[in-house]
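Same chain, two partners: subunit A is paired with subunit B first, then with subunit C.
The block that comes next holds the complex of A and B.
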C-alpha cells in the first residue's frame, strides 16, 4: 500500500496540473489537486478596453475552447448593452459552438482518453493497430475545424463573430457543403459511440451535483438556465449561488455552489437534457446501457461520444435551416451596465461577466471556467475513490486516478487565471 | 538517416499552438513518424526530458517553474523553436506590462511558496532562440512546412513581408480604408491574412516586421480618428514588448511621417 502519491505535471490533459495524495492506514489523509500553470490575469487585462475588444482578448484564455470564450464574451457584452442578436446570428453562434464541441470531443476521446483504456502511452503509439479508429478521430476533428473556419475564417481563435452580428457571412454554398461533410462523418461518430460504450470503466459514484444549462425546447448550447436535477437558477443570480475561493497549492480557483461541490460537462448535460438529444443519439444512449442519470464520472467518455452524434445531427439541422441573408453588423447603443454570458463550452458551463461605463469601456470582468467549477469535484472524487482501490499496485492506482482526472476533460490553462483574493 | 529527436512542450499558455500542429488532420500521423518524437506531454504519457535535436516550445514565462523548464530545455536541445505568439512576443498575457497595476492587482495571489509569479515575458527574453514561428496560433501548415524544411536539411524560411502582401493577394477590401484600425501594414505576415479574410482587422499577433514604418502607421490611425490610448493599447495587446519605441514615436512632437497616400 503506497503512503504517498505525487503526480507532477499530469500528462494528456490541457495545461499543467499536479496531485498530492497522502495515505495512512488505507485512508486518504491529504488530497490536493491544483493547477501549476502560471497566472495570466485576463480579467485584469480587459479593464480599460472597449466593449468590442473583450472577445478577441479573452479567447486567448484557451486554445481548445476559444470559440466558447468568444461567444460567452459577446453574449455578455450584448447583455450589458441590452442588445438582442438576430435569429441568423444566433444560429451561426450555435453552429460554430457545435463545431468546436465536435473537434474538442474527438480530440479528447481519442488522443487523451482512449490510450489509457487500450494499454498504450499515446494515440500516436496506437497508430499501427488502431489506424481506422484514429482516422475516425481525425475526420471528426477535421469537420469540427471546418465548421469553425468556414464560419469564422480560422479554426483557432476564430474572428468573424462580433458584438452585433457577423463580420463576414459564409456563403449559402459553403453552408450546404458543410451539411454534406457532416453527413459523411456521422458514421465515424456512431463508431466512436460503439467503441467507448464497449470499454470497461471503473465502478464509482460521484456525489457532486450535476449542473448544466437547460432550455425547454433545445439542447442548450449558448444560453439557458443553470440547472441540476434539484436546483435551477437564472444566469443573473449566479453570484448568489456560486462562490470562488483559492487554495494555496493551486493557481486555479475553486468554485462551490452554496458551499457544495458540483460537476459541469458532458455527463451533466446528458443527465439533464437527454430527452432533447437527437433521435440517433438517444438510440445510442440506450444501446450504451448506461443508466441516466449516471453518477459515474468515468462515463463522461461515453457521454462525449453520444454528444458527438448529437452535435453532428444538430449541426446538419441548423445548416439545412439556414438561408444566409446579408445582415450588416449592428452597432448597439453604448450604455453603462453589467452583462452576463453563459454558454456550454465543450467541457462544461462557462461564465463571462463584464461591467461597462457609459463610454463602453470595460471597468470590471469576471470569468468562471468549467474546470474551475469541476476542480473540487475531481479532487473529492479522488479522495473518495482511492480507498476502494488502495490494495492495487501503486502503478495501477495511479492509472485509475489519471483516468478519472482525464475523464473530466479538464483544461487547466483555462482555469488558472481567475482569482479573487478570498482565502478560506 | 537517423530521425531527428524532437520534443513538443508547453509552458504557461493555452495549448492552442500545440493544437494547431495536431490539427494537421491529414498529415499528423505521417509527420510524427518521420521524426523520433521523444516528448509531447500534452498527448503522450512517456516523455524524455533531455537529448533533443529540436524542441518546439509553446507558451510564455510567467512563473519560476516556467523559467526552470525553459532553461533546462535550452540546455538539452540543439535547436530551440519559439512556437506561437506567447513564446515569440509574450502575447496577450504580456500586455500586463502596459495596463495599470490597479486593473489586475486584485487578482494577484498572496505570496505563497508554491505559486511564484515572474514578469510575463517571451522566451527569447531569457534564452537564445534559434527559430520563431509566430502567430496566435501559428498557421498549421506553417508548422508543417517548417518541420519538412528541417527534415530536408534546408534552413526554414522565416517570412518577412507584412500581412498586407497576402491580404492584397487574397483580394480583400482594405480594412484601413474603411476606417478599421488594421495593423496589417506593420505586422509580420505568413498567416495568409487569415483574420482580414474574415473581415476582422489585424491586431498584430505575429509581431512587427523588421522594417515597419511605425510613424506612418500611427499617423494613418490618428487620421482615422483613433486616439493615442487606443493606438497604444491595440499595438501592445499581442506584441507590446516587441515595440519598445512606441511610446517615443507616439509622443514625438510634430509629425515626421511621410504624407499618407490613400491609394
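The block that comes next holds the complex of A and C.
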C-alpha cells in the first residue's frame, strides 16, 4: 500500500494538472487536484474592448472549444443588448456547436480514452490492431471539422458568427453536402457506441449533483435553464448559486453550487435530457450499460458515444430544415447592461458574462469553464474512490485515477489553465 | 495576371496533387505556401487540416517547411519525423497524423519535400519543381 502518490504529469487530458495524494492506514488524508497552467487573464483582456470583439478574443481561450466560446460570448453580448437572433442564425449556431462536439468527442474517445481500456499506451501503439476503429474516428473528426469550416469560413477560431447574425452564410448547396456527409458517418458513430458500451468500467458512484442545460422541447445546446434532477436555475441567477473560489495549489478557480460540488458534461446532459435524444441515440442508450440516471463518472465515455450519434442525427435534421436565405447582419442598438451567455460546450456548461457601458465598451467580464466546475468533483471523486483500490499496485492505482480524471474529459488549459500526482 | 484553374479542370488535366501546409499569417511557416505559388505543372492544394489528406489513395506528395535545415530534403520514411505521443487533442498535428496514417496503411506511400524556413524563393521553387518531375 503506497503512502503517497505524486502525479506530476497526467497525460491524455487537455492542459496541465497535478495531483497530491496522502494515504494513511488505507484512508486518504490529503487529496489536492490542481491546474498548473499559467493564468490566462482573458476576463481582464476584454475589458475596455468593444462588445463586438469579445467573441473573437475569447475564442482564443481554447483551440478545441473555440466555437463554444464564440457562441457563449455572442449570446452574452446579445443578452446585454436585448437582441434576439433570427431562427436561421440560431440554427446555424447550434449546427456549428454540434460540429465541434462531434470532432471533440471522436478525438477524446478514440485517441485519449480508448488506449486505457484496451491496454495500450497510446492510439499510435494500438493502430495496427484497431485499424477500422481509428478510421471511424478520423471520419467522424473530419465531418466535425467540415461543419465548422463550412459554416465558420475557417477551421479554427471560426469567423462567420458575429453579434446580430452571420457574416458569411454557407450556400444551400454546402448545407446539403454536409447533410450527405453526416449520413455517411452515422454508422461509424453507432459502431463507436457499441465499442464503448462493450468496455468494462470500474464500479463507482460520484456524490456530486449532475447539472446541464435543459429545455422543454429540445436537447439543449446553446441555451436553457441550468438543471439537475433536483434543482433548476435560470441563467440570470447564476451568481446566486455558483461561487468561484481559489485554492493555493491550483491556478484554476474551483466552483461550487450552493457550496456543494457538482458535475457538468456529457453524462449530466444525458441524465437530464435522455428523453430528448434522437431515436437512434435513445435505442443505443437502452442497449448500453448506462441505467439512467448514471452516477458513475466512468460512464461519461459511453455517454459521449451516445451523444455522438445524437449530434449526427440532430445535425442532419438541422441541415434538412435549413433553407438558407440572405439575412444581413443586424446591428443591435448599443446600450448599457449586463448579459449572460450559457452554452453546452463539448466538456460541459460554459458561462460568459459581460457588462457594457452606454458606448458598448466592456467594463466587466466573467467566464466559468466546464473544467473549473468539475475540478472539485473530480478531486472528491478521487478521494472517495482511492480507498476501494488501495490494495492494488501503485501503478494500477495511478492508472485507475488517471482513467477517472480522463473520463471527465477535462481541459485544464481552458480552466486556467495533465497530471502530476504527488503522494505525500 | 494569374489565371486560377478550377479543381475539376486541374484534375481533368491530370496534374499531380501537391499538398502544401503552412500558416499564411506566420512568416517562416508560410514559406512553403509562397514557394508553391511559383510552381507550374502541379495541382497545388493548400491544406489547412491533416484530415484533408484522408481521401488521397495514391502516393501522397507534401510540401512543408522543415525546421533546422538549410537544404531541401525529401522524406520518404515518416519515422524520420519527430512525433510526440498524443497526450492531448492539441497534439493532433501533421506529424502525428502522418504516423497514424502509416500505421493504418493508407495511403501506401507518403513523400514529403521539406524546404528550409527561409531562402531565395525562386531558386527553391525551381529545385522543388525539378524534384517533383523526378519523383
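Everything below uses one rule, namely that the second predicted complex is superposed on the first by the 416 of 424 C-alpha atoms of A that agree within 3 Å, B and C clash if a C-alpha of one lies under 4 Å from a C-alpha of the other, contacts with A are read in each partner's own complex, and residues count from 1 in each chain.
The rule is short, and it goes like this: contacts are C-beta pairs under 8 Å (C-beta built on N, C-alpha and C of every residue); 3 or more make two chains touch, one makes a residue touch a chain.
The structure presented is a predicted model; accordingly, all values stated were derived computationally and were not measured.
Partners subunit B and subunit C, once the complexes are superposed on subunit A, run into each other and clash.
Contact comparison for subunit A: of subunit B and subunit C, B touches the greater number of residues. Of the two partner chains, neither subunit B nor subunit C is touched by A:360.
In the superposition on chain A, contact is made by A:43 with subunit B only, not with subunit C. Of the two partner chains placed by the overlay, neither subunit B nor subunit C lies in contact with A:339. In the superposed pair of complexes, A:108 makes contact with subunit C only, with no contact to subunit B.
Once the two complexes are overlaid on the shared chain, A:60 sits against subunit B while remaining clear of subunit C. In the superposition on chain A, A:158 makes contact with subunit B only, not with subunit C. Applying the stated contact rule after C-alpha superposition, one finds that A:124 touches each of subunit B and subunit C. By the document's definition of touching, both partners, subunit B and subunit C, reach A:141. Residues 11-12, 14-15, 63-64, 107, 111-112, 121-124, 127, 131, 134, 138-139, 141-142, 145, 155, 413, 418 of subunit A contact both subunit B in one complex and subunit C in the other.
Considering their complex, residues 11-15, 63-64, 104, 107-108, 111-112, 121-124, 127-128, 131, 134-135, 138-139, 141-142, 145, 149, 155, 413, 418 of subunit A touch subunit C. Subunit C makes touch with subunit A in their complex at residues 48-49, 51, 54, 83, 85-90, 92, 96, 99-100, 103-105. Taken in their complex, subunit B has these residues touching subunit A: 10-20, 22-23, 25-26, 28-29, 32-33, 37, 40-47, 60-63, 65-66, 91-93, 95-96, 99-100, 103-110, 112-115, 117-118, 120, 136-137, 140, 194-195, 197-200, 203, 230, 233, 237. Across the complex, subunit B is touched by residues 9, 11-12, 14-16, 36-45, 47-50, 53, 56-57, 60-64, 66, 103, 107, 111-112, 115, 121-125, 127, 131, 134, 138-139, 141-142, 145, 152-160, 162, 167-168, 246, 248-249, 251, 413-414, 416-421, 423 of subunit A.
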